[in-house]
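In what comes next, subunit A is part of two complexes: it sits with subunit B in the first one and with subunit C in the second one.
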Partner chain A sequence: MKDDRVRYFAENMDRLSRRDRVFLNNPVIMQGLGLAPIVIPANSVMSAAVLAMGVLLLLTPTRIIATLIGQHVGFKMRAVVYALTAGVVFIAVAYIMESLFGTQLLSVGIYLPLLVMEPLIVKRFENPQKERIVTSFKKGILTTIGFCLVLFIMAALREVLALGTLGGIEIFRGPLLPMASMPAGGFILLGVVAAIWRAAVNAFKKNVSLGVKKLP
Partner chain B sequence: MTLVLQNLGTFVVYALIAVFVQNAVFTRGFGVSRLTKLVTDSATDSLIFCALLTLIQILSAPMGYYLNQWLSAPEHWYRDYIGPLGYVLCALVAYGLVLLVIFLLPLANKRELMAVLPLATLSCAVLGPMLITSSQHYTFAQTIGFAVGSGLGYGLAVIMLSEGQRKMNNRKVPATFKGLPINLIYIGILALAIFGLTGHMVSY
Partner chain C sequence: MSRQTRTLHEGYAANRDFIAMMLPLYLMAFFYYGPRVLALALIAVITARISDRVAAALRRHRYDSTENSSVVIALAIVLMMPATVRFRVVIAAVLIAVLVAKAAFGGWQSYPFNPVAVGFCAATVSWPDEMMHYPAPLNWMLQSSASFDGLWKMWTFDGAALVEGPSATLQAGGLPKIDMWSMLLGNYAGPLGATCTVVIIACAIFLVVKKRMSLVAPLCFLATVALLVFIFPRYSEISFQTLPYDIPQRLQTVAYELLGGAMLFAAVFLIPEPGTLPKNTLSRVIYGVLLGVAALLFRYFGTYELGFCFGMLIVNAVSGYFDRAIAQRPARRKGVIQP
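Our next item is the complex of A and B:
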């Protein structure tokens, strides 16, 4: 790693560890959010695409509208505001999703409407600090990217292992690990992916701290 | 009398199905994000959380059933769009009722209960069973049985995961697997055991 990059990461590591929603503080791997859609219905790239579009359309608008309304209500009412906002935004999301995907929505079943109460979407209500609209927009987009990254990695892995295909294109003849398409396989695979991801994050942080010591 | 016994039997069977065959956590993954936090968070009492979750489910299930009956009419073509909002409203009405009871009763741990209640209400473990019972057109007895069983099933998952914590905190577990990864693998193994017991995957 170059010296100026090492210095930048070393100086901002705490801030990056809190704010980065893609690698260092991924919502799924580090915070354990959005686990249900990843371990149950995301067993093919197509299902992942449906779920990703659902989260993309639901998360940021819900967060922004709930932040706007939340500025005028007390902290104790924040849970109600977030839940109702997600429910109302879902009406538009369901309509758009139906026109985009049609019968393919059946591949995710109840896990699309379930996003309304998914902690990934509504967990912000637990934080007593008020949020600015710009911050909620930025965090909403970054959280969506972080979630979708893990969603597609997991869906691709599960599809390859369970069916031997990727996006419907045959890669292996026959399944390598049929269990990968089951909930049990989803949980175990996500556990392994989370461990590897966390090891990579630790290795990155260690690399930065070692690089700082070598700086002139 | 026969009708009462028949409905009671249905209630018990569907409660058992929801606890074991279609466990909220092990076969459906409902509320698993909260569960992994709950077992490692010493500030929140798991039993209180499960009791409140079950209470919210029991109270919101009948409302969800009647809402589904109303939405099932052929003229309500927008059912799939407004259904989730309706079920969220049912859960929030149940939340209000439980909050009122907590407020009125002379309880020593009022503050703790009021802090945990929103977490127990805004959970996939509440909305999920309502979506299942509505999409599979359960009867009233089946709906209530499934709601009770889902709450108990979630409690069972919490107990099993809490009991496993001692083993998962063992120093033989590699450092990178500690926390969320090992919890997920453990839940996966338990899910596999449930699959071995039932022998089939549930549809969603």
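Our next item is the complex of A and C:
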């Protein structure tokens, strides 16, 4: 790692650890958000694409609209504002998704409508601080990217292990572990991925702190 | 470090005795199903040992070769499988049992779920057809011959008829056509090492005499199963209207349920597992009774032959609470000064 980058990471590590929603503070790996769609319906890359599109269309607009409404509503009503906003936005999302994916929506079943109450989307209401529109847009996009990254990793792993294919293309004959397509297998695999991810985060932080000591 | 001064793991002796008691079962399995059984056991043990080394490396702990609980886990998993099972199924089951169910929770005696049950359940839900169809015992002797083709058939069970175990007949409301001597000697299609009742009982006596297992939980488990089967048998020709004339048939059903489906094997090799067995006697009674109820519910209403493993996972989820709940009881008694 170059000295400038080491210095930047060392000086901003606390802030990055809180704000980086993709690697250092991934919503799925570090906060346990969005587990249900990842461990149950995301057992193929196609299902993951459907869910990712759902989250992409739902998360950021919900957050922005809820922020806008929240500025005029009392703090006690925040939970209702977020839940109702997600519900209303989902009506439009459902139509878009139906026109995009058609019958392939059946592969994710009830888990697409359930995104409305997914903590990944509505958990922001727990934070008592008001949010700016620009911040809510940025955080919405970053959270979506972080979630989709883990979603696609998990879906690809589960498809390869359970079916021996990746995106429908055969990689090897016969399944390695059919249980990977089941919720139990999804939980186990997510545990393994989370362990590797967290080890990578710790290694990165350790690398940065070691690099700082070596700086001239 | 020399062999004399090497410190043995605290569970080494108990696990060694459990391994020793599985050897007679493997001998019987070898007699019934041929040399493939030994290859399955060898693959399972090698996988377990490699998994232990990997887990130790990942946790940055020193690998302790005298911590032999993974060998017990591996050997027990194989004994509950059919002789025709593929090697990759055994490897997957042992990997999940040792790495996921044991090492991920902290290793020796730290796990909340019985690793054997976890590994077996993972294999069963992944390959249900393969795990629930068994070859007939002694079939390998009929198929073997001096030719290469004969040896290959003996090894792969190619062309051998695979049948469901006695539990499938009971599930359909009938009684298995297996005489009691065959049930006692394990001379029927079933899990390769969990059918020979006489040997399992002899192993249990040895383990009790060596104080490696307590009889409280296993006996409560078996008694609960026997009582529930006696009251609610799966045999379709028995109902509450036919009482008390059907008592012989009810007892026969109890015998089939207890001796088939590896119930006795579970009572001797799975339930006394020290990591998941409660410490208090009353807790053990509750544990055994709940295991019996859960095992029978999975058998009656589930689709898998060895449903007790699934029942065990459910009861294991709450078994850690029993000791805490029972240990707090004296403190609530009148006159006891609470801290």
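We adopt the following convention: the second predicted complex is superposed on the first by the 216 of 216 C-alpha atoms of A that agree within 3 Å, B and C clash if a C-alpha of one lies under 4 Å from a C-alpha of the other, contacts with A are read in each partner's own complex, and residues count from 1 in each chain.
Assume a residue touches a chain if its C-beta (ideal position, glycine included) is under 8 Å from a C-beta of that chain, and two chains touch if they have at least 3 such contacts.
What you see is a predicted model, and the numbers here were worked out from it, not measured in a lab.
When the two complexes are overlaid on their common chain A, residue A:Pro178 makes contact with subunit C while staying clear of subunit B. Legend: residue contacts after superposition of the two complexes on their common chain; A:Leu142 is shown touching neither subunit B nor subunit C.
Looking at the shared chain after the overlay, A:Asn202 reaches subunit B, while subunit C stays out of its contact range. Applying the stated contact rule after C-alpha superposition, one finds that A:Leu58 touches neither subunit B nor subunit C. Looking at the shared chain after the overlay, A:Ile188 reaches both subunit B and subunit C.
When subunit B and subunit C are set side by side, the one touching more residues of subunit A is B.
Contacts of A:Val80 after superposition on the shared chain: subunit B is touched, whereas subunit C is not. Once both structures are placed on chain A, subunit A residues 179, 182, 184-185, 188, 191 are touched by subunit B and, in the other complex, by subunit C. Taken in their complex, subunit A has these residues touching subunit C: 175-179, 182, 184-185, 188, 191. Taken together, the subunit C residues at the contact with subunit A in this complex read 88, 92, 96, 100, 104, 122, 125-127.
Per the touch definition, subunit B reaches subunit A in the complex via residues 26-34, 36-37, 80-85, 88-89, 91-92, 95, 118-119, 121-124, 126-128, 131-132, 135, 174, 176-177, 179-185, 187-189, 191-192, 195, 201, 203-204.
Subunit A contributes residues 29-30, 32-36, 39-41, 79-80, 82-84, 86-88, 90-91, 94-95, 98, 108-111, 113-114, 116-120, 122, 125-126, 179, 182-192, 194-196, 198-199, 202 to its touches with subunit B in the complex.
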